[in-house]
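A, B, C, D, E and F label the chains in the order they appear, each numbered from 1.
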Amino acid sequence: MAVVPILSDAEAGAEALAVFDDIRTKRQTDYVNNFWRALAADPALLRATWDRLQAVMGPGTLDPLVKEMIYVAVSVANGCSYCIHSHTAAARAKGMTEAQHGELLAVIAMAAQTNALATALQVPVDERFDVKGG
Amino acid sequence: MAVVPILSDAEAGAEALAVFDDIRTKRQTDYVNNFWRALAADPALLRATWDRLQAVMGPGTLDPLVKEMIYVAVSVANGCSYCIHSHTAAARAKGMTEAQHGELLAVIAMAAQTNALATALQVPVDERFDVKGG
Amino acid sequence: MAVVPILSDAEAGAEALAVFDDIRTKRQTDYVNNFWRALAADPALLRATWDRLQAVMGPGTLDPLVKEMIYVAVSVANGCSYCIHSHTAAARAKGMTEAQHGELLAVIAMAAQTNALATALQVPVDERFDVKGG
Amino acid sequence: MAVVPILSDAEAGAEALAVFDDIRTKRQTDYVNNFWRALAADPALLRATWDRLQAVMGPGTLDPLVKEMIYVAVSVANGCSYCIHSHTAAARAKGMTEAQHGELLAVIAMAAQTNALATALQVPVDERFDVKGG
Amino acid sequence: MAVVPILSDAEAGAEALAVFDDIRTKRQTDYVNNFWRALAADPALLRATWDRLQAVMGPGTLDPLVKEMIYVAVSVANGCSYCIHSHTAAARAKGMTEAQHGELLAVIAMAAQTNALATALQVPVDERFDVKGG
Amino acid sequence: MAVVPILSDAEAGAEALAVFDDIRTKRQTDYVNNFWRALAADPALLRATWDRLQAVMGPGTLDPLVKEMIYVAVSVANGCSYCIHSHTAAARAKGMTEAQHGELLAVIAMAAQTNALATALQVPVDERFDVKGG
């Protein structure tokens, strides 16, 4: 199910197709996944999202695989089924091993657990964690 | 504010004190932060949480700093103020640079944004992201 | 899948049927959607929810379409798949254009992004935003 | 408390100051709020966020006040204290009346309530809400 | 901080004061807590919320203390600081012991942890959990 | 769909099988549900999760059914579809009546609603709810 059509190349407009082509070139694949096809009804939003994604996930001080694992972690906490699937696949494509996946899961579960405890107890932040006090 | 007392060493029971001592030894510091002092009213929960945290955050295939950044990412998505403060401080203590923090923030914000879009559009998961179909 | 049966008219009790009839009359349609049929096992909860929905979504100072778009925005942030589908459909029925839908999506994504950043940075609230200080 | 410093004009670098100046000009005020000052440690992220915000919240098919109310709704559902304060203030500055604020609150509360119910019951989406089926 | 004034009895209108009086009578206390005073700017919303709260939390098949603990659990998962404080206090007033509080916390943390894991793994629901298949 | 395989007994390793056997014995059933089979790729995480679950959900001061209902409440607020299905089924197996389920739903919906209102209004916590001030 979806609340918008998943546009095929034939159904997408010229601006959207230009983004699809850019995705194909940058990712070196013919496949354009559903997320972009669902966004294609609004070419400006599609373009802004794709451009920003490249800037954020591109070369920097963090390893590309690390960025994907952080992406998965946020997607899990936000409960985004689509994003969990697509970014877990992307992490695997970037070399995530089964052992690394297991550790990622363990950290996510641990954080969820202590997030819940700290929130349930409404623990006041220690002065030493305040940057302004540093 | 808090919904439980933040126990000092003098107020904590013997079982809780043993965990405090373990924290001091393992972390090579005299400081025991408020999260553990808030949990100290329930020594069994305190012990289980501390033991599990060590197992999860200890040596493995992921870099300790990477684990801390994943922890921060989950804590942000869950909106846990205490955890964001404590684990951002922990990431800094493990060497996170300002540039790395900036990239961490950018990935978290990007994920939050595309999580919202994929959810708003209810994008169906591509067959190729399904492990069972692989 | 569901954790309760989706009651047909034949399976629903008298109190639930009375709400179904009210829904049909007020909405000028024969169709009663699954949400109400799932609630029908608890007629008191069904009645209270339906009555409150009418009071909240009925005539007031905000345009009905604006209310539907706010409803969609909350449902996206809460990750409620059913509600995103039903209220996006309702917004369309109330005249939401494709351009308006695109802007709604863009605002939701922007808010998700800056929500994440403000939370990650734990930005202190400016005095001027505090009503008590005003 | 905060996990990064809130940079004054004197502490901000040239790139960040240029964004501060842009904010002052576009908003016709001398005041730059803490969110932007917290982002100033990463001028590229600051610039990208500010530029995107203007594009999203600028003129379009939705009324500026409607966009602010949608922003508030998402911020509430995401539990972002800072954003709730700043965007409620922005909505007031754009003319939101007390009655409109009351209706906004009522819709947010209603959506939260039915989001919880639909999720708790795991109500299957009606075929007629599926765009692909349309 | 707050985004609305916390109305004193002197500042509240007649309709709001009637609800305050009702709260005092039903709870057998002179104290009206900030939540109701913040809602008082919109007397209709105040009245609807108070009336519904009484209906939901009143006598039924679940013990009043159990209802309060469920309320705390939801408030923790939703990250509502105010609600965690007020409903933990209410649970204590209804007899929640320290041991019960500890178990409540442990269940909340366990659920948060397995929620994260099941979501991260996108575990398909077993047929036997589907009521329609029953 | 899933992001990991759901391991059958034949596919699971020795350590995972030992946990499956333990689940069968403790629950007095032959059936091992998908959650555990999805975790089986990481036997250490599987074991730690199962052991902790037993400790938390085992005998204590709270009734087993109450614990299940709290588990459902957290799972709903976290939007975990799998967990809502499995723990609603578990609550039914422990004797939850339809009337109790209805009250559970009503409390969850009420909490979601007032959580949203208290957050939207940013209501300051009353001094009397602060344990440190007590």
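Keep in mind that, in the parts below, a residue touches a chain if its C-beta (ideal position, glycine included) is under 8 Å from a C-beta of that chain, and two chains touch if they have at least 3 such contacts.
Here the structure is a predicted model, which means the values were calculated and not measured.
Asks: Counting only C-alpha atoms to place each centre, which chain is farthest from chain B?
Replies: C
Asks: Quick one: which chain's Cα centre is the longest way from chain D's?
Replies: Relative to chain D, the chain with the farthest C-alpha centre is F.
Asks: Distance-wise, how many Å sit between the C-alpha centres of chain B and chain C, to the nearest whole number?
Replies: Spacing between the chain centres: roughly 33 Å.
Asks: In whole angstrom, what separates the CA-based centres of chain E and chain F?
Replies: 20
Asks: Can you check how far apart chain D and chain E are, centre to centre, with Cα atoms defining each centre and the answer in Å?
Replies: Comparing mean C-alpha positions, chain E is 26 Å from chain D.
Asks: Among all residues of chain A, which ones touch two or more of the remaining chains?
Replies: 1-4, 6, 45, 49, 52, 74, 76-81, 84-85, 88-89, 105-106, 108-117, 119-122, 125, 129-130
Asks: Determine the shape of the graph in which chains are vertices and touching pairs are edges (line, ring, star, complete, other).
Replies: Shape of the chain contacts: complete, all pairs touching.
Asks: Considering the complex alone, what residue numbers of chain B touch chain F?
Replies: On the chain B side, the touching residues are 1-6, 48, 52, 55, 125, 129-133.
Asks: Provide the residue numbers of chain A that touch chain B in the complex, in ascending order.
Replies: So the residues of chain A touching chain B come out as 1-4, 6, 31, 33-35, 38-39, 45, 49, 52-53, 56-57, 60-62, 66-67, 69-71, 73-83, 85-89, 97, 99-100, 103-104, 106-126, 128-130.
Asks: In their complex, what parts of chain F are in touch with chain C?
Replies: Touch residues, chain F against chain C: 79, 84-85, 88-89, 98, 101-102, 105-106, 109, 116.
Asks: Applying the document's contact rule, which stretches of chain B touch chain C when the two form their complex?
Replies: 72, 76-77, 79, 81, 84-85, 105, 108-117, 119-122
Asks: Using the touch definition from the top, list the residues of chain E that touch chain D in their complex.
Replies: Touching chain D: residues 1, 3-4, 41-42, 44-45, 49, 74, 78-80 of chain E.
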